[in-house]
Amino acid sequence: MEELLIENQIEAVLFWKGEPQSIKKLAASLGKKEDEIKAGLEILKAKIADRGVELVFKPARQGHSGGDDEVMLGTSSKVSHIIERLTKEELVRDLGKAGLETISIIAYKGPISRSEIDYIRGVQSNFILRNLQIRGLVEKITNENDHRSFFYRPTFELLSFLGVSKIEDLPEYEKVKIEFEQNLKNETDQLTDITSE
Amino acid sequence: MEELLIENQIEAVLFWKGEPQSIKKLAASLGKKEDEIKAGLEILKAKIADRGVELVFKPARQGHSGGDDEVMLGTSSKVSHIIERLTKEELVRDLGKAGLETISIIAYKGPISRSEIDYIRGVQSNFILRNLQIRGLVEKITNENDHRSFFYRPTFELLSFLGVSKIEDLPEYEKVKIEFEQNLKNETDQLTDITSE
Amino acid sequence: MSDTTFQIKTEVFEGPLDLLLSLIEKRKLFINDIALARVADDYIVYLKSLEKFPIADSADFLVIASTLLLIKSRSLLPNLNLTEDEQKDIGDLERRLKIYQRIKELSVHIKNHFGKDIIFAPEPRKMIPVFSPDQTMTKKNFLTAILSVIKSLPKVENIPKAIVRKVVSLEEMITNLTRRIQSSIKLSFREFAKVGKEERVNVIISFLAMLELVKQGIVNVKQDNQFDDIEIETQQTNVPHYN
């Protein structure tokens, strides 16, 4: 497959990250020299002048060592009123059946990993989990035993909102836990079968 | 401040969300009609044809609910190797024989019911279907004509992994569709005795 | 029909159609009833060769075996009368195999593309969380939701009833078929005697032997005397097996 022009490669990385990237980092990611990245950024800037996203440059601050020129892709300032509105809407939307289901699993079974949640629900939960995080209902914590993986648990605010001081105060907590373990035991037995498929 | 062209507004929202959006939702977000959004998407698609990002479409089908047309902005398939190096997520490429078979059926013949999948494969597919759903490669939607039954169709994740911006871009897709419709039409009439969902 | 059966023991098959298709393709045949009659023996021999044959899977395999037996019987005994349903089963099997074969071809495309040039969804966009529950966030709703989650966890269930019913009806079918073939042979004997095609009779007798193989080798059937009722041993009914 033919390779994309450098400005398009830069665009792809910046779009994918959605966060400021240093020129140095971009150069390393793309296997290019910093000067090439800078030139590519100039071309990209001109190319997207008339579009819905724009480049934002953050020069390294004078006198700060280790500071690097950074750049990010962001939405055009001309749509900031729309984005503001959408951000607010995001927070008032109904969480729906999937939301309630996911959050109840995290409440009763948390801390729990995403793959476990996916497994229990039988579908991927990445979008709904992100939504629950933005709404401040669940939070992600690092797995002490494996720093590359995460667990989800209910936030403190959610528990006080529900009026429980600790998670064990949820209705029928012990009973649910036992029932879960019994049913899920069968599940894991089956999982080994499934994955060998 | 002058307003951005609709295609640029769409791009901004898709960039900002970073998740699939339904046409309906986009229309509501931008205060436009769905047709305007669709036309805008076509322009956007043409505009970014030679860039670092691309659009992925997942259409609703007539008679299949759960079924809004949806669209997502992702990185160009031409920078796949670059993003793959950057991503921390583990990419599982192995589908297994059952998985490959089932995915092929859903990709080329979906939306399709479980009993039809069983019929074609000659074995029960409930476990592999659950497995594929947990992996996020296929999803279940409700049959609009019969709310107790379901259809399976490809997800964005599957389209992304296949590197196609729409399912019709798969090799032989149109040819196969005609084949199945013409030559093998009565196959569904034979479904009577196969286990129902 | 004199070809030796193919040794395919080492392969793992997704199901009866997978097995059948591979048998046909190994003999480089097109999918039609002649091809199906030719691979019927291979199919049965393969089933016979399996040491452990879980009943849940065997149901799927046996349904197809029964249709193959029909096709083979008909190819050997043109005067064997088939019911409308049986005719339909045969046409159906051919059609299913053709679709399956096409799907197999198409799966090569999927295999070649999957994970090769991925269109990546962007990293989750960072937003500062703002505590904003909706009205469904109550203890009561949490409990209702979690109970329904537990309830919908897949159960380790035994084989669907429809399949069990099919196994039973398959046994009946083989019994019936055996009787029908027996009487058909008696009829045919006169014809054969006239034309003197002894060879053909031998083929039919060996075919009947094969029927016995099916009965004894796969489902562990018990038959004390030749025309007694056949009892099926299905002790494993509650132990499903999934590949």
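We call the chains A, B and C, going by the order they appear; numbering starts again at 1 in every chain.
Definition applied: a residue touches a chain if its C-beta (ideal position, glycine included) is under 8 Å from a C-beta of that chain, and two chains touch if they have at least 3 such contacts.
Since we're looking at a predicted model, the values are computed, not measured.
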| item | value |
| --- | --- |
| Chain ID, smallest distance between chain and overall C-alpha centroids | B |
| Centroid comparison with subunit C (C-alpha atoms), farthest chain | A |
| Chain centre separation (subunit A, subunit B; CA means) in Å | 22 |
| Centroid spacing, where centroids are CA-atom means, of subunit B and subunit C in whole angstrom | 31 |
| Where subunit A and subunit C are represented by their mean Cα positions, the distance between them in whole Å | 45 |
| In subunit C, residues with contacts to at least two other chains | 117, 120, 122-125, 154, 242-243 |
| Multi-chain contact sites of subunit A, meaning residues that touch two or more partners | 1, 15-18, 122, 126, 130, 190, 193-194, 196-197 |
| Subunit B partner contacts - residues on subunit A that touch it in the complex | 1-4, 7-13, 15-18, 29-30, 47, 50-53, 73, 75-76, 78-79, 82-83, 85-86, 89, 118-119, 122-124, 126-127, 130, 148, 190, 193-197 |
| In the complex with subunit C, residue positions of subunit A that touch it | 1, 15-19, 87, 90-95, 99-101, 103-105, 107-108, 120-122, 126, 130, 133-137, 139, 155, 157-158, 161-164, 170-172, 176, 179-180, 183-184, 186-187, 189-190, 193-194, 196-197 |
| Touching residues (chain side subunit C, partner subunit B) in the complex | 12, 14-18, 56-57, 60, 64, 88, 92, 95-96, 98-100, 102-104, 106-107, 109-111, 113-125, 154, 160, 162-163, 166, 242-243 |
| Touching residues on subunit C, where the partner in the complex is subunit A | 117, 120, 122-127, 129-134, 136-143, 145-150, 152-156, 242-243 |
